[in-house]
Amino acid sequence: MKEEIIMAGFGGQGVMSMGKLLAYAGMKEGDEVSWMPSYGPEMRGGTANCTVIISSEKIPSPLSSRPDTVMVMNLPSLEKFAPMVKEGGTILINSSLIAKEVERDDIEVIKVPANEIANELGNSRVANMVMLGAYLARKNIVKLDTVKKSLKDVLPERRHDLIPINEEALDRGAALVK
Amino acid sequence: MKEEIIMAGFGGQGVMSMGKLLAYAGMKEGDEVSWMPSYGPEMRGGTANCTVIISSEKIPSPLSSRPDTVMVMNLPSLEKFAPMVKEGGTILINSSLIAKEVERDDIEVIKVPANEIANELGNSRVANMVMLGAYLARKNIVKLDTVKKSLKDVLPERRHDLIPINEEALDRGAALVK
Amino acid sequence: MKLVAGYPDSLTEKPFHYCPGCTHGIIHRLVAEVIDELGIREETIGVAPVGCSVLAYEYFDVDMFEASHGRAPAVATGVKRVHPDKIVFTYQGDGDLASIGTAEIIHAANRGEKITTIFVNNAIYGMTGGQMAPTTLVGQKTTTSPFGRDTNTAGHPIKISEMLSVLDGSAYIARVSVHDPKHIRQAKKAIKKAFQVQIEGKGFALVEVLSACPTNWGMAPVEAVKWLADNMVPTYPLGEFKEVE
Amino acid sequence: MKLVAGYPDSLTEKPFHYCPGCTHGIIHRLVAEVIDELGIREETIGVAPVGCSVLAYEYFDVDMFEASHGRAPAVATGVKRVHPDKIVFTYQGDGDLASIGTAEIIHAANRGEKITTIFVNNAIYGMTGGQMAPTTLVGQKTTTSPFGRDTNTAGHPIKISEMLSVLDGSAYIARVSVHDPKHIRQAKKAIKKAFQVQIEGKGFALVEVLSACPTNWGMAPVEAVKWLADNMVPTYPLGEFKEVE
Amino acid sequence: MEQVKRVVFDEERCKGCELCTTVCPKNIVKMADRINSHGYHPAEVAAQEECISCGLCAMICPDVVIRVYRPE
Amino acid sequence: MEQVKRVVFDEERCKGCELCTTVCPKNIVKMADRINSHGYHPAEVAAQEECISCGLCAMICPDVVIRVYRPE
Amino acid sequence: MGEKILMKGNEAIAEAAIKAGCRYFFGYPITPQNALPEYMSRRLPEVGGVFLQAESEVAASNMVYGAAGAGARVLTSSSSPGISLKMEGISYIAGAELPAVIVNMMRGGPGLGGIQPSQSDYFQATKGGGHGDYRLVVLAPSSVQEAVDLTMEAFEIADRYRNPVMIVGDGIIGQMMEPVEFKKEIDPADLPKKDWATDGAKGREKNVINSLFLDPRELEKHNLKLKAKYDKMKEKEVRYETYKMDDAELVIVAYGTTARIALSAIELAREKGIKVGLIRPISLFPFPEKIIAEAAGKVNSFLVVEMSAGQMVEDVRLAVNGKKEVYFYGRTGGMVPSPEEIVEEIVKIGGAIK
Amino acid sequence: MGEKILMKGNEAIAEAAIKAGCRYFFGYPITPQNALPEYMSRRLPEVGGVFLQAESEVAASNMVYGAAGAGARVLTSSSSPGISLKMEGISYIAGAELPAVIVNMMRGGPGLGGIQPSQSDYFQATKGGGHGDYRLVVLAPSSVQEAVDLTMEAFEIADRYRNPVMIVGDGIIGQMMEPVEFKKEIDPADLPKKDWATDGAKGREKNVINSLFLDPRELEKHNLKLKAKYDKMKEKEVRYETYKMDDAELVIVAYGTTARIALSAIELAREKGIKVGLIRPISLFPFPEKIIAEAAGKVNSFLVVEMSAGQMVEDVRLAVNGKKEVYFYGRTGGMVPSPEEIVEEIVKIGGAIK
């Protein structure tokens, strides 16, 4: 098993932490994992992305030029990463912010109204968890449960009160594709 | 023709300028010349030396490990350079300051009471020219006359009043070995 | 209608890359307005630093250098010595000028180098993500003073303007702020003087501009300018420290 | 009979390599006497500069570093942070401290680094054969200011003590001279204070010692100390500039 | 085209920092609900007639968004 | 051996700079005619009995040549 | 310990240094390694150590000189332009024979360049960017775990030889998170005392830390001593890894991040039926020339892949010494070669293999 | 002009720069090159130029960056430790493609080392002691006249390629006096205007001097442009001299001072009946690899002589590419090899020649 995932969105959308959480959970399940962020100078406004690889073998390159899965939280990310998805791969789209359709028919497209659901839950910042939940349900690379259990390790202590809402968001996302 | 000469003495004894003068005169006569000083940090008290090479051909190394001639103005220089003189070569010794004898019989030794003569002339600083005069008379590498004519080019303008005494010193030195 | 606040000629059209509410933008505009008003756009050569304003060379519509970190005053010296009739300015952050570039700014000032320096003091390293600067306030938390700046190990905020004023070569030294329109107006006046001093050949001129870094201070812009007024200004007294006649 | 002036324990037996009449020798002796008097020979770590006093590590009979040119304060910082209970001093010339090492001395002072600096200002680069220093007097001829220091191109003599006194981290700053016994006595007092300030953990301490370089000034030693008194002292006022209680 | 507005915003340059809203003596600079192509809510002045052309909003704007005119 | 002289010169260290000769209140420090092994004329005090052990000569000597004693 | 945690390379190196008994860090911020000093600024006070943000890289390297000479294990880190500024200091540290560890998270150059991953400081690290004949031991991890292990070893090597050791990485090694395990932890109090260090000459002769030898005979002697040390390193400290060399017809030589990518390329190439192996130098100095020379007897050709315009390729050519063709593929300026590009290159060479 | 005068190498280089139209000097004192700035401080004011003693080598290199970017011919000089401090600046000058001439009168290292002649900064000069993939043209005179000629050429090359050029010498080249002739004199006013330089954007688009490219694709493009330039240098700017190569069985490869000494050694060796020739690289970058490769087809073996622990020898090995044995003889720390020692080495190899 080897899964290469790219997550992308605006600076504040939490794509980095969603990637870390996924990688952490993968590690917990005994897989080899790597997490690689994009980085730039501290000038704001750009998009951020990270690459997570989860594999049963040692991971060669931590970068991915043909990811199995891409999750995009905003439009620029869609445009940048949709063409990269491996044939037969999957793209998850934050349909709350992205109206545009994917112009490929050789990949699976999953629309996740991540911001809408997050707003329903009362915290727009958990849109990333909604997205991740959908991914986990679709791909079965890492167990949803492991991800939930990882929250307390990945979130800083002062944010532990947010664990329940994060779990809920994961569930809501997962429910979408089940 | 190729002549390698090392001149050595205390810091203030003018061995550098005597070497420059010789090299300059050599150049004036159309020979290839090089002048190479010893150099050190600006901490005083050591001895100074320079190597002059005069040749009818292009000069390979500007250093000399087996000089044809050595002129020593003080005792430490004698000890350092006497062993280096080429077999059959010449050493000129400032006998005013050096009582010690040269312990080699394969080289020619010329004693020049340079300081005494300079003092007689009324300026102890021309001891170097006495020595140089003796050398020129002995070796015929460069004409005494050319050296004299070079004085005005080598001495800074404000010292041109010293040309006569320098010439006299050269003559007195030359007279010694004639 | 008459234009009372427009877009300076000495700025290119390029939008700034700065974060929302970053006062680097205000300072850029002031410098450009001064260049316009003095009519020296075609005589001016600017030197950008390494710092958030590294891309200043894209914004000022004058001949520009991008200098290595801290060395803008040395670069400006090289330029000014070649073109003594031109106007040369450096634009530098507090990491750039007050830390790595300490020797260069002090010696440019001491030589009385006829250049103008705009010193943007935002008490932090903006570009690299919020590390402590020598101008960081006592107790201020940054990514390399996570427990707040401790004077016992990291010393006190450094007083560049006061220090440069001691040197004989400095002709004009002032500290200003841009946290509100009144202070922005004063800042512009000081910047203008700092260029005039150069035009008149009097010597080295520097304006230290207290500036906000909302991003690395972790504040909204409105909050940040308030923090500037309430905390930086008391630490760094405003005023003209030196003016040679 | 009682010894009233002897050979300090904190000097090795090695004769100095300095030129005849070079007052580096006096200053070495004073530092050694102070170390003796404070009884800290076995607690002291010294940092020699690059300059005529580069071989200071052979003369002081304490643990020593030979630092790179200008960086003695940074080296001393490294040492002091590892051994906060030891006494660390730097001995630096004016080229070393006031030129290439400007940033290091200013930031050591600003951090309030608990070290003592002996700053030997002889208005010239001795070691390298008499080039202009930032402390060279106006009009003074050196091998790189052959027509005399011109303030228009080379600026004014830099006032290190005055400048460092502005910084909050400096605890003791004084300027002294060694041109006659009276001033030598004062110099020793200041040096002693500068070590005591460190022992008491008060912060950064520096003594600027005006010193003669007969060789590169082109004077006999007796003439040189007179020139020092007549020309350097008026340019560099003596006194204690800062003393934190 | 004749200039009619007193305050003109180059909306695409606006980063929604809100600094301009804090300095207007007439309190007429407001943040719009819409977002520009960079994702920021731009500042705007609806009540142009209340503007006194004091220029303070332009003076504090870090992004040179605002032009201010005064009737001659 | 009992110390009898008030001023003692470590002659081989002396560089003949003459600074000591300028500060002696008794004017008894003089340059010797002889030269030491480094080629310098060393300073000396012949009139030891005139010395008042003020220590000034030692204080200004850059080469730590001079030891001064005072009768107890 | 023993437990796996997910860490960024920069932070993992910092923690590894602490686990190796390092309690002193002097540095100056620069992308892409800021997470390292930032981590140190939080952690060192917890373990009684000192984090000091220096006024510049020049000062930082001289603080390292001071702390190392004072007997401590000490770390500094920077990225390319900052490392250039440390060159004089590094030459002094090597000249005075002080142990210290220096991290360079390389970025694209020259000049200000950019901040994306690069390997274009290879020459500077391995041949001496500073003046004089000195050498650093240069170690190039290609995973976060290896960064941890090599950092801990670096302190041992530095102390063993009294010589600075440089860890080279790039933005990928520094920013990437991978699971790591810290296999041991050293209490600085347990480290053997350095009897040459300056800590006050109490009851002993004074110690001097120095690189000045005015007499050229002395300086030559010193250089010969250094050379003997470097020769010993060449004998004892060579580190490398090989992969699928048994049947390889073409060998990729690559280090660090590039070696990771080469692994992906090897997978792809082997899918295509091209037998490609890898020699991954872990120590860049001493360079694993023997294994390369040996391989030259077996394989058809070499492909050196670097994120540079071609630097390590010279060392590979020296090792191969004309026996086989040595090809080069490089990307520069922060561009990272993709496995596909490398395979393309391999296919091209395929045609060239005689 | 045309007249021979006796001059020190340091001063002759300074005068040559002035004759080449250089009117700006920025530097910081260091032995053994002080006569160069000192000469400039007297001469430049006479010709309306500017001499400025910078606060440090770091500042000096950045003043050079400024003056070069402003369109002037500009010179700086230093010696080993000072050159190390200029490394960041030099990388910037190369990165921003500015013409400038840098003199390094090498002294013994590492660290403070000593002040006697050395050639141990070869790697630093030729491979890039600064960060990133950049190259300097490096010229190594072996006589005062050649120092003059190469200095004048250096300014031409620098302008032609918009690239810094380094002149490397040592205390011998710098302090030695030999007769020199200045063959021409350029009035800076006659030099072609540099339309990329910053002198106020009057009636034109603004000019920018810069080495920053945040987008790695842009930075790679820039690096490729630089590489094309370096390749062109390799094609056009190779300089070397050969001596008695017609019948040589062994070739000495040596540059600068060492090549002069090698000439004496060749005399001695030939007296002994050993046929020795010399290849003297004048440009160290670009390195004269072709002539060496050619020689490898003819001679029996190579002896590289350097005042270093062995640096240029790597470039010779790369050029020889395994075809013949390449031996090395080096002295370090300021020790200068004597002709006799070299001959001894030749005799030793004699035994080894197959």
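Here the chain labels run A, B, C, D, E, F, G and H in written order, and each chain numbers its own residues starting at 1.
Note that in this section a contact is a pair of C-beta atoms (placed from the backbone, for glycine too) under 8 Å apart; a residue touches a chain by one contact, two chains touch by 3 or more.
All values derive from a computational prediction rather than experimental measurement.
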item: Steps in the shortest chain-to-chain touch route ending at subunit H and beginning at subunit C; value: 1
item: Result of counting contacting C-beta pairs for B-H and D-F, higher pair; value: D-F
item: Centre distance in Å when subunit A and subunit E are each reduced to the mean of their C-alpha atoms; value: 38
item: CA centroid of subunit E to CA centroid of subunit F, Å; value: 85
item: Euclidean distance of C-alpha centroids - subunit D vs subunit H, Å; value: 38
item: Chain centre separation in whole Å, for subunit G relative to subunit E (CA means); value: 54
item: Residues of subunit C whose C-beta touches two or more other chains; value: 18-20, 54, 66, 68, 99-100, 102-103, 106-107, 127-129, 134, 153-154
item: For subunit G, residues that touch 2 or more chains besides their own; value: 31, 50, 52, 55-56, 58, 81, 88, 92, 96, 111-112, 115, 210-212, 214
item: Touching residues on subunit C, where the partner in the complex is subunit E; value: 1-8, 11, 15-16, 18-26, 29, 178, 180-181, 184-185, 214, 220-222, 225
item: Footprint of subunit C on subunit D - complex, ascending; value: 99-103, 106-107, 110-113, 134, 151-159, 162-163, 166-169
item: Contact footprint of subunit H on subunit C as seen in their complex; value: 41-45, 47, 54-55, 57-58, 61-68, 71, 74-83, 86, 103-104, 106-107
item: Of all residues in subunit H, those that touch subunit D in their complex; value: 28-31, 34, 37-38, 41-42, 45, 50-53, 55-57, 81, 111-112
item: For the subunit G and subunit A complex, residues of the former touching the latter; value: 4, 6, 31-32, 115, 171-172, 175-179, 260-264, 266-267, 336, 338-340
